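Chain lettering (A, B, C and D) follows the sequence in which the chains are written, and residue indices restart at 1 in each chain.
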Amino acid sequence: MLIRMSNPISFSSFISPTLQAISIHENEIESLDRAIGDGDHFINLKRGVTAIQSITHELDSLPNSQQAKSIGMKLLSSVGGASGPLFASFFLEFSKHYNDENSTLENFCQAFTEGVDAIKRRGKSDVGEKTMLDVLVPVAELIKLASLNKLDIIELSQQVITKSIECAESTKSMLPTKGRSTGLGDRAIGHMDPGAKSCQVIICEICNQIISRG
Amino acid sequence: MKKFINHADDFLEQSLSGLQSAHPELLQVHKDPFFVTRKNINPHKVQIISGGGSGHEPLHTGFIGHGMLDIACPGHIFTSPTPDQMIAAIDYCQPKNGVLMIVKNYSGDVMNFEMASEMIDTKNATILTNDDAAVINSSYTEGKRGVAGTLIVEKVVGSLAESGASLEECQQFGLHANNLCSSIGVALTSCTIPAAGKPTFDIENDQIEFGVGIHGEPGRRREAIREANLIVSDMVEAIFQDFRERDVKIGGNSEFLVVVNGFGATPLSELYLIFNSVTNILNEKQLNIGRSLVGNFTTALDMAGASVTLCLLDDAIRKHWDSSVYTPSLRWGI
Amino acid sequence: MKKFINHADDFLEQSLSGLQSAHPELLQVHKDPFFVTRKNINPHKVQIISGGGSGHEPLHTGFIGHGMLDIACPGHIFTSPTPDQMIAAIDYCQPKNGVLMIVKNYSGDVMNFEMASEMIDTKNATILTNDDAAVINSSYTEGKRGVAGTLIVEKVVGSLAESGASLEECQQFGLHANNLCSSIGVALTSCTIPAAGKPTFDIENDQIEFGVGIHGEPGRRREAIREANLIVSDMVEAIFQDFRERDVKIGGNSEFLVVVNGFGATPLSELYLIFNSVTNILNEKQLNIGRSLVGNFTTALDMAGASVTLCLLDDAIRKHWDSSVYTPSLRWGI
Amino acid sequence: MLIRMSNPISFSSFISPTLQAISIHENEIESLDRAIGDGDHFINLKRGVTAIQSITHELDSLPNSQQAKSIGMKLLSSVGGASGPLFASFFLEFSKHYNDENSTLENFCQAFTEGVDAIKRRGKSDVGEKTMLDVLVPVAELIKLASLNKLDIIELSQQVITKSIECAESTKSMLPTKGRSTGLGDRAIGHMDPGAKSCQVIICEICNQIISRG
């Protein structure tokens, strides 16, 4: 989702790498949700990304803002569970704020933050509750800072990778207060949140793509 | 994992097709997106819609029909349905007097139904069922889970809706019934999601999960298996504790509807044995069992285990529980 | 072994007590010896008595009530009841117009009912049900086993008896219905008898027992698990083979009652998937499904698996299947 | 059941040893019925013998013929299954033919043979069908022969032990045609019949008692 300011990369070009990346982490994501949830997070996610992949052609012809909207609607109708409406809310809100004409890092950053806020509203949740927000919120803050400091996109991507890994890791020690693992209480401690992990994997993959595409 | 299945991907579709062919006179299964409606739709009554992840059969698809649900939206196994399913179903039924959504309190279900609710033009209201006593409500949880008490809510609200009550009346009555229900479950084994192919949790051969959720989510504690009477006594205690905490008054004349619900792999004979324990415990407390239901109604795929639900009866709930119902999995009076 | 149980010895007693408290309006459980009668006995109709080893619940105790059984004698788990149970039950009901014994064809059941039959003064007749297509009838077997088709016989004969038919008429009709039924079962896992504490048979993680009996007895073959459609296709084939061998004529207009019966640990969603396979297979053969029943009705404790029963419908069977019935586990029209 | 002609031993004195003997073979009998039946034969048998044990006092005061009758009735109402009516039929028929006044080996032998015939009638079965009859019939024949040859009771007991073990063993290679293992067909080959085994165990114990009591 990080894009170059000058010559914006089509979001659709990240779909296949994302699907590959989560598939590589299938076992890890699945067993995290088995440990502290109901075991379906990987399946839900894969169903969603696969559904998006099936409309790659349609997406290719759309501007990024419209792509985000279509991605949101597709996620909404294909993922289900808790993560479905959350991911969908992100993209639907993102699409409203993303400006295809003026695709600056500032604008991307604002759209991203609005998307994350939509997740907070939909999930009635915030950082510290052992959810995907524990990755998404810090990442949003990091890129906001970077956009103020006019950081280089490659440099930023590297920082985002480090940050998201650190943040996903940090959910291990958190007590869950949202989602299915709340029943676990103390027993959830020591396990990473599956949604945080999957967001980290996707974010890292996109950053790696940006870095390797140069 | 051994199951009667062709491919994990088409399991839901084929199972719903079977439901359709087994009950052509009662219901209509729609595909792409999935939703199930009554065969004969009456758009003038409040449409009662429920749904949730599949794997809890007969909940909810098996409760469609006269006196209970109008619509059920089944999600993939243990995964909430998506808003387009609710939207398509409501569009198909063209309700003239509103839609009441009965939603088990899980983040996924709540959010997906919420989005559907925001996206439709039809007047609608929601009841979140949260009868599971296992997870204690506190500032650290987002509320209790909805489990087998849901079918009681669906039954009594379904009956009220059939009598022509308004959306608000149905919602109020459902909230009232939900408040009088409390449940707790115990798992002896895990369930296995077909698409995952392995058990959701590991459990030792001499352990039980006390307070398990209907997706195999962990409960209050893992503990050694004991005599059924002792397990059931803890279950009933947890329920009364929940009633006390929520200020549901239980007195000497209190009469209950008791549901002993199997999670899928527990034989009926064991469910009756559990019911016997509950009976003895309530008798000792000089409380009465007014109505009962024993069987597999809110399952967790092939999990061995069972839940006990107590619903405090008042005249209205008793009347609407007793009223005739004709669905694939609950039927009486017709 | 994990079960909801206090002690293996008092399992049956406590489970029956639970049945009693759950259905006080329907039935009366008697102890020492064990037998279960209707709450309201009508000694003037032919008394329909059945029974057999426990562990197949709801068969037979769950089928006591208007339109079905009058008496059930539950034995210990998977062990035929003893003659004193039948004798005490018949003595209690004081039948004025005879007793019809519906007995599944197992040596133990046959011999115990036979001894009871010899020891009572009341006029009596017997129907041996033997619908299991798995064990091929030949000079080397003592006949086929009685399985899920038994509940069809109990339902239709129960209905006929309710209408005041004579003992001979009931027996004739039951033999006729039994002849038109054929069943076959498949096990994915073994069952565990509480008193034994370990699985009755071992089965590899990728194998099924094709043609299994309802006590976990071996069937035709052990084979690799395959897609449900393929397994079901073999099941239906075995049933048609059985019909051919017994000269039960199936034609273009034939209509069936199809029972998909779970053995105890198989989720309802899988049973509907099996029903879907059966529907497709019969449709391809241009045969019709006139009636259906999907659920756990003739179980084998906690065995995972299912059986398919086809019963060729004629007007009389259809009529007596449709007639109202009010028992703990089958209820319609009332 | 073999008794000394001169001073008949009370049948009831064999009850406790029998219960002990079958208990020692619990695993073997149970797993045989698990392999080719439904796994309950040991439980059925134990329930029956325990029920008889509970009336030992009553039995003690009765003549042997009446003891056999009470044992038969008790087995009938406590065992169930296929073996219950079969064992019961044996004792009920035995009691009719046993002569307390004239307890010769000839009389015992006749009563025993009548009992075995009652099993044949009740079970509609005969030797060679992989059942308890494959032990009981040869043993009946052996003692008939012994009674003609006026064999010593100790000597006879030893012969019966050898015979019954050999006969139980012989059921391994038989194809079942009666009882629950018929469905197994060929697959039953190699397994001893549980009812044959339990009869062998009981018969051997009684013989050993007779030998040791001298």
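Note that in this section contacts are C-beta pairs under 8 Å (C-beta built on N, C-alpha and C of every residue); 3 or more make two chains touch, one makes a residue touch a chain.
Quick caveat, the model's predicted, so the values are computed rather than measured.
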- Message: Distance between chain B and chain D based on Cα centroids, please, to the nearest Å.
- Response: 55
- Query: In whole angstrom, how far does the Cα centroid of chain B sit from the Cα centroid of chain C?
  - Reply: 29
- Distance between chain centroids, defined by C-alpha means - chain A, chain D (Å): 75
- Averaging only over C-alpha atoms, locate the centres of chain C and chain D and give their separation in whole Å. 33
- Query: Could you say which residues in chain C touch two or more other chains, in rising order?
  - Reply: none
- Hunt down the residues of chain D that sit against at least two other chains at once, touch-wise. none
- Query: How is the touch graph of the chains shaped: line, ring, star, complete or other?
  - Reply: line
- Query: All pairs of touching chains?
  - Reply: A-B, B-C, C-D
- In the complex of these two chains, what residues of chain C are touching chain B? 2-7, 11-12, 14-19, 21-22, 54-55, 57-58, 62, 188-189, 205-206, 208, 225, 227-229, 231-232, 264-277, 279, 289, 292, 294-296, 299, 301-302, 304, 306, 329, 331-334
- Which bits of chain A are touching chain B when the two form their complex? 30, 34, 36-40, 43-44, 47, 76-86, 88, 122-124, 175, 177-185, 187
- Using the touch rule from the top, collect the residues of chain B that touch chain A in their complex. 33, 53, 75-84, 106-108, 111-112, 114-115, 134-135, 139-142, 145, 193, 195-196, 198, 200-201, 211, 213, 215-219
